[in-house]
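Two complexes, one shared chain (subunit A), two partners (subunit B, subunit C).
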Partner chain A sequence: MPTITETATTSPIGRQTPRIDGPFKVSGTAMYASDFNFTGLLFAVPVEATIANGKLQKLDASEAEKMPGVRAIFHRANIGKIFRSVLQPPNSGIADERRPPLADDVIRYYGQYVAIAVADTFEAAKAAADAVRATYTKDKPNVNLDLQPESEPEAVETTHGRLKRLQSERGDPDKAFASAQVKVDQTYVTPAETHNPIELQGTIAMWDGQMLTIYEESQAVFNLRSVLAQMFGLPKENVRVITKFVGSGFGSKLWPWTHCALACAAARQLGKPVKLVLSRRMMFQSVGHRPRTQQRVRLGATNEGKLVSLMQDYLNDLDILGGYHENCGESTSYFYSVPNLRVHWGRTRRNIASPTPMRGPGAVPGLFATESAMNELADQLKIDPVRLRELNEPKIDEGKGIPFSSRHYLECLQRGGERFGWANRNAEVGSMKRDGSILGWGMSGAAWIAGRFPAQASVELRDDGSARVACGTQDIGTGTYTILAQLVSDKTGVPLNKIEVVLGDTSLPPGPISGGSLVTGSIVPAVFDAADNAITSLLTVATTEPGSPFGNRTPDDLAFEAGRVFAKADGLAKGVSVSDLLRRTNMRLVTGSGKSEGTLDEKKPKVSMHSYCCHFVEVTWQPATARLHVNRVVTVIDGGRIINPLAGRNQIEGAVVMGVGMALLEHTIYDPQNGAPINSNLADYLMAVNADAPLMEVHFLDYPDTDVNPLGARGIGEIGLAGVAAAITAATYHATGVRVRELPIRIEDLLTSSILA
Partner chain B sequence: MAGLLTTAGPAITTLAQRSEKAEQELSAATKDAIPVTLHVNGQKHNLRIDPRTTLLDCLREHLHLTGSKKGCDHGQCGACTVHVNGRRMNSCLCLAAMYQGDEITTIEGVGQPGNLHPIQEAFVAHDAYQCGYCTCGQIMSAVALLSEPVGPEDAEVKEFMSGNICRCGAYQNIVEAIQSVRQSTNRQKAG
Partner chain C sequence: MKIFELTRADDPRQAIAAAAKANTAQQGADIRFIAGGTNLVDYMKLNVETPRQLVDVNHLPFDKIEALPDGGLSIGAVVRNSDLAYHPIVRKNYAVLSEALLSGASPQLRNMATTAGNLLQRTRCMYFRDTAMPCNKREPGSGCAAITGVNRGLAILGTSEHCIASNPSDMNVALAALEATIHISGPKGERSVTIGDFHLLPGNTPNRETVLEPGDLITHVTLPPPSPGNRSLYLKLRDRASFEFALASAAVVITADGGKITRARVALGGVGTKPWRSMEAEGELTGQSATQAVFQKAAEAALRDAKPQSQNGFKVELAKRCLVHALKLVTQTA
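Entry: the complex of A and B
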């Protein structure tokens, strides 16, 4: 392991930096929510409905209650009051499933909780939950895969407030399409996908009569606090949420789910700490999923390949009560130059649990559709798909009519093509071979939003030369611990190994949610502001406090650099270190608070901020065994300044791996008989394993986007997944001649291939 | 925080009193417990546990060795991997009571901060994780792999590591980390 030799003068920004929390993660000492233990801890296991549509007729807990070690079986009659929560604009109190658990006897999806068993041990609680007898009146569940839009008004309520279904429109797209020289009109389908972070979701809840304390692996501790405060009728100061490490989330841990309120209610009723950890099966049933989408895309173009019309009509399915909208049109209005465009959406209700954002929500399925259509158009026109994209590169964001802050998409394409060897491509289907296999090459582009959430942070400089930075955000595996330390080190000169980072706690200054790839972009200005204020405070100490060598100066005479305070007139060499100054003045620390505003709620943004990327993919197709394998992927990211390229490359590779799963493997299947997600385990819901991972090459363009923050850093957690599936289906077509428009690609689809090795 | 004292939540119901009583009676669950002796990381533990307790739950909930993680409880993800007599096992598929007399090693016994195993150090240096939740299981598999008959190629390591799912997808770095340790051990052997 390279030892980090820090000198006070080198900034770690942009340097390959091993994670500061790494030694904890590799040794089992990093504490995830369900790792905590408390005296008197009880274990809870929920009872899941085994129908997806109907009514709970009778719940018989008599046998379960008598079982050894059982403390209680809670159900609607004895769980106590759990209130309904509501969205608190602009950005708190968010939840996809609003109905408080056990609120009524109507069952609307398979796995909905109908009771909860609490016992001294996990084994006893599980046995008791299994012994609760529920009887139902059943109706046939509707989990139909063919989506038809509900008749909804043009403006509808969603999880995030009221939205118009006509998302974007310009020119006359119908007329332009009708008279276009070349047309694509296809429907693309992406299936329900389950996030499946390896960490099971769970809650440890403690109630002391006044204060509700929760250990939960949340991607948004402050939002969880605001929802729980509402659900339990408490002032938010009386709710504390702690999340030290998160075993990833990909969106499933963004908003609160019903098990959390159940654990809190059980802790309240019993006056004991209660631990409730979901089973993997429950992770498929009640903590969200990416919904099925069905998207009709129409492209009209000239014979030369200039787009004249783009229409995207998309649908997602959702639960009976919720308001989830999968924003498949997120990047459609600005990604390409096209004078006539319309994006319109609708929804279809099903007896399924609520969907929720999953990595790159909306854009990932949306770009699968639009980028696949672009690839089909290129094939029809017989022009290189890269060339088609170059021909339609916009000068401004045509959706909003404003300039881009920093867009280098064409350079992504050029770099990616060079690294991949795209110039050697023979466009003819099935024409490229190696070692008895057919090679398929494909590409795709993608874009993802950039910006900031509001954020606050505090920075302390201490008399032992160390620093502490605190921000109520989360590290879900994206490297936020390390980035916070890098930012503080950059500003203060304190080496990384002397910086304590504290996050994941609602007792800290409110930080951004870990969603939308916006954490990094959001925290930079807040942490810089906090560090600047700590330094200002230090200079004031230097000029006012007895014991300081700068007693006869004013703060303006002084400067701070590389961890030292000095008189500008005398130069850095004659300065004193922070620890020296604090010791001389008998102070333990100085502190500064920082704050920055969000950009997402700006009414009239001046620039359009996004990240861009492209993927070039090679698959091999072995016709004899019908084996399709993704061999190698070259990805180029225009993601602003990259603060930690070591973790950054890893993020992108991980997203590409997830994209391989999306294209070839992942698919949550609902049983039409009872509405259950039937492949609700990790052997039947396939995700990419090590042997499925292609050889990956990632390049960052590293153009700072200073409209986002002073460092020019944008987030990169999601962009790497967008576009991968479209590039893989294009490569698959190139190898097999089979055009797959419904994911995942199945062997059955490819058996129609007439290409021989 | 002025309102703090006046904002206690809904009164705790009689159920709470009932549970206090149950506690005094000595939990019946403990009455059904059986004595089990486990050897974990070189230490002997005499326990009384529910016979249904898996080795994984026993490590986590009774011995508070929480480095072994539960990702599926079905032997499908590898997050719970431990060594039993030097071989890797999914501890979620083992009943604790059946491993008395065996040498069990968990991640806590492999290395701790300040004294990490070369594989652990390589995972840090190569950023072979993101969220870290699968990581202890990956490392237990990787450490075991060092003495398994695995060929020198990356492809073989990938195959041998495919029982450990990393949803964050840090696979390329996991392979790099493992190969770096294998290569330096080989160099040492050769030298």
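Entry: the complex of A and C
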């Protein structure tokens, strides 16, 4: 065997690495989907329904059609055929809103598209869209905030196929709860939230005969391709999706939305490229949101704090037609040791658009509920909430009955507590003060899935000493470009600035979706495999091609290290560089392809793979002005080996700030009268701004999890958000005595506090 | 947005003559002045405002801040909010105005926003922005969706059964406490109106927000000389720490002598349908010593007539705390 050695001394793995795409972004040369321009490009603006429940009676486009620069107003009668798509397991054909746009005249949510105006300029298209007159028969929309489960069978269809509503069960949780010495039985509510990436969603669609090319900011180009191929009745290879840069997604760009099919259909009808970019208001209406959840959590424990029963019954609301399930129970079955447990869910249909995954889907609202209940239990028991968690640390994943691959949650708690100074806590409400403010301290833990999607990649080594890596995944702003370069540099010794990274294109080897924090974990083995194969090919070249100094050797005689090929017998010093070898053999490049399987669909997994974290939070409460501020957050992450600590820290800090927004601000309001998301702009939908950001301290434990991949890297894009809100509500209770179980915490809630400065 | 014509006015008479042809008073009119555009263009994009002609007033000679012979200050209509906030005389003599301006919007917006534009900025009521919803201010007679809908951010003082929209401006609250005068040049000549008389209560014509008539151009705003020995302060309370309109705010201008309040000017923001000067609170403060109990009485007086809606009852308590705390801070430093 040839020997291929990781070039340990120069490897950028684990090194603070500035993003290789940073200069393009700050200089404005990064091309986001809607930055592309083409000759003859036309502009489209959809017409939004202004009711949330009813029927489109009449659509009068006569005035709009006559306006200057207008090419067409498309509606159900003239948009042409758009087919339905279905799920294609394991990983394609996924869509939360399955109904093809304009398929019927029934309006099921506010902002549903009823027509689309296409014109020579954006301004003309917008004016024409505004001039389309739609009349409706209106019914009262149901956007009721109190969720009651629909009567659904125990196994129901979801976006991802059939699922059982009884998610997990062991022992006899009802009986154990009934006889428990100490009990918590509370209901927690999280509101609808909208992702609000800064880059608006949009599509540029172009047809060349039967070939459809689209530019779209997608978190999953291959899935989008599979859905579009179905909707337009094309073989998959006739559809190409390109996504070079994404101005954030948070999940809203994971699955296809109806505007994309509309743009494709309009381009087809007109035989010209069409660009459609959503408005901020549309971003609240038709590209998904985190659904409202309502969760009853029951905990039973002994007087000493050992859990005896855990029950979580949760509901999420969803649209009239879809199948979205917010998996609030993802971590419930394995996070704590408890002999009796049941996790069960249901759904409630409303006149709203389909929900979709939003950063940390399921776990983020789910852990708000379960971790809040744990904090309430600790208060009831009068024991430290950290101690309560230590007392209930499981030895194995009790939900699946298998060992954990790598779990260091207790160490997270210990490190976090030390860094925060938790030992100085006085548990009494309102007892801690500083500079005229009351301090509140709270904590929470969290867990998030780890594993791999299937992935492929290719690596090229070139005669100028550079390398190219290609993978059809996406960089949604999280640093995937850089990680890909780091992986190739690690294997080949090519420096980062000589590595070209190509991604976001269905013409490349299929890569993983940018979801579930799984990209990094998924691509490691595929890229390593590709690099190894490129090097193997290089060694073959060295022994077979005229001009090589190793012509008299066999590949087994050779080794590759630090970017050089050498005869084992002669040593590295007498080797030649890749560029030298390729030049001497008159070759431009060698190429290797790599592939790795996914872990998530394993029927019988042998280990339970997750990331863990904890947050310690300090708030300050000023009763005189009813002002609550999150002051300080210490976060410890057990997220496997961290490949790029710079980008990693950035992910966690961003997530913590988002968690502050979740706890105190974020909330999509559906108007009770017409069902519109009424605060559909960035001034009325409040997110945390810099002035709301706490001082943040982030620690990574950095234990490799080699069950996930050879480097031991898991993903960390989402876990930092999970648990933050529960820690903040706990800290808020500690400061104010007000227990908030429905997010966000509002001034209205705090004004009931009787704690005075 | 509808197609519109943009003309640039180089002298005030020309601007006034152009706008005098408007079908109605300034708000909602078909011919409009445009200054920073940060409010008007926003509403034009939403088709809430659909002027056919815009008259650009940015080049008119109203861009100066000048000390007046009586010790007061004259502020031009197109002076940018940031220039006003950082002007040395404003910081020294009218701190409340500087603080109010800097608590509003963002640096980028304040660099564009003007004195007159800020005075005339329209409500943040979410139904006013949404042309698919009934709104008496936007479409007289169509109804008020806020009274039966989302009204958490809206007014509790000065409301009517036709409209409960709050005046969103921070600057206006400070101007009310400073007893500013608005100077107007119109087709019939020049006139001045005190800030208290400038904005109108909604009554049954919420579409009419000020006393301006077609063609009326705001030229400048004057402030009386600062009362000797006064301290002033603006306190703004809101959900997030920055870049949000007030849920409740207080502008206070207090003169105290040996612990006794000799002169008090108080205005509230975020709670009134217009910038809310509270003579009731001033009455409770004047001649009293600066104590928590007196502040509390003043706050009770200021909110006595509050009429909360379904979601904004908390504003009564919040506004009281805001005023009490503002008074405490301003008299502490005195």
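Just so we're on the same page, the second predicted complex is superposed on the first by the 748 of 757 C-alpha atoms of A that agree within 3 Å, B and C clash if a C-alpha of one lies under 4 Å from a C-alpha of the other, contacts with A are read in each partner's own complex, and residues count from 1 in each chain.
Assume a contact is a pair of C-beta atoms (placed from the backbone, for glycine too) under 8 Å apart; a residue touches a chain by one contact, two chains touch by 3 or more.
Predicted model only: the values in this text are computed from it and were never measured.
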item: Partner chain(s) touched by A:379 [first = subunit B, second = subunit C, both, neither]; value: neither
item: First (subunit B), second (subunit C), both or neither touched by A:397; value: neither
item: Partner chain(s) touched by A:32 [first = subunit B, second = subunit C, both, neither]; value: first
item: Dominant contact partner of subunit A by residue count, subunit C or subunit B; value: B
item: Contacts of A:319 with subunit B and subunit C, given as first, second, both or neither; value: neither
item: Which superposed partner A:246 touches (first subunit B, second subunit C, both, neither); value: first
item: Which superposed partner A:123 touches (first subunit B, second subunit C, both, neither); value: both
item: Subunit B versus subunit C as contact partner of A:689, first or second or both or neither; value: both
item: First, second, both or neither for A:477, with subunit B first and subunit C second; value: first
item: A:747 touches, of subunit B and subunit C: first, second, both or neither?; value: second
item: Common interface residues of subunit A - those touching subunit B in one complex and subunit C in the other; value: 123, 127, 681, 683, 688-691
item: Touching residues on subunit A, where the partner in the complex is subunit C; value: 50, 123, 126-127, 130, 624-627, 629, 664-665, 669, 671-674, 676, 678-679, 681, 683-684, 686, 688-692, 746-748, 751
item: Subunit C - residues contacting subunit A, complex; value: 1-3, 47, 124, 126-127, 129-130, 132-133, 145, 148-150, 235, 237, 239-245, 247, 314, 317-318, 321-322, 324-325, 328
item: Subunit B residues touching subunit A - in the complex, by the definition given at the top; value: 1, 3-5, 7-10, 12-13, 15-16, 18-19, 22, 27-32, 50, 52-53, 57, 60-61, 64-74, 76-77, 79, 106-108, 110-114, 116, 120-125, 127, 129-136, 139, 155, 157-159, 161-175
item: Subunit A - residues contacting subunit B, complex; value: 1-2, 18-19, 21-32, 34-35, 37, 68-69, 71-72, 78, 80-81, 119-124, 127, 196-200, 207, 209-210, 212, 232-235, 237-238, 245-248, 250, 268-272, 277, 279-280, 476-479, 646-647, 649-651, 653-658, 681-683, 687-691, 693, 695-696
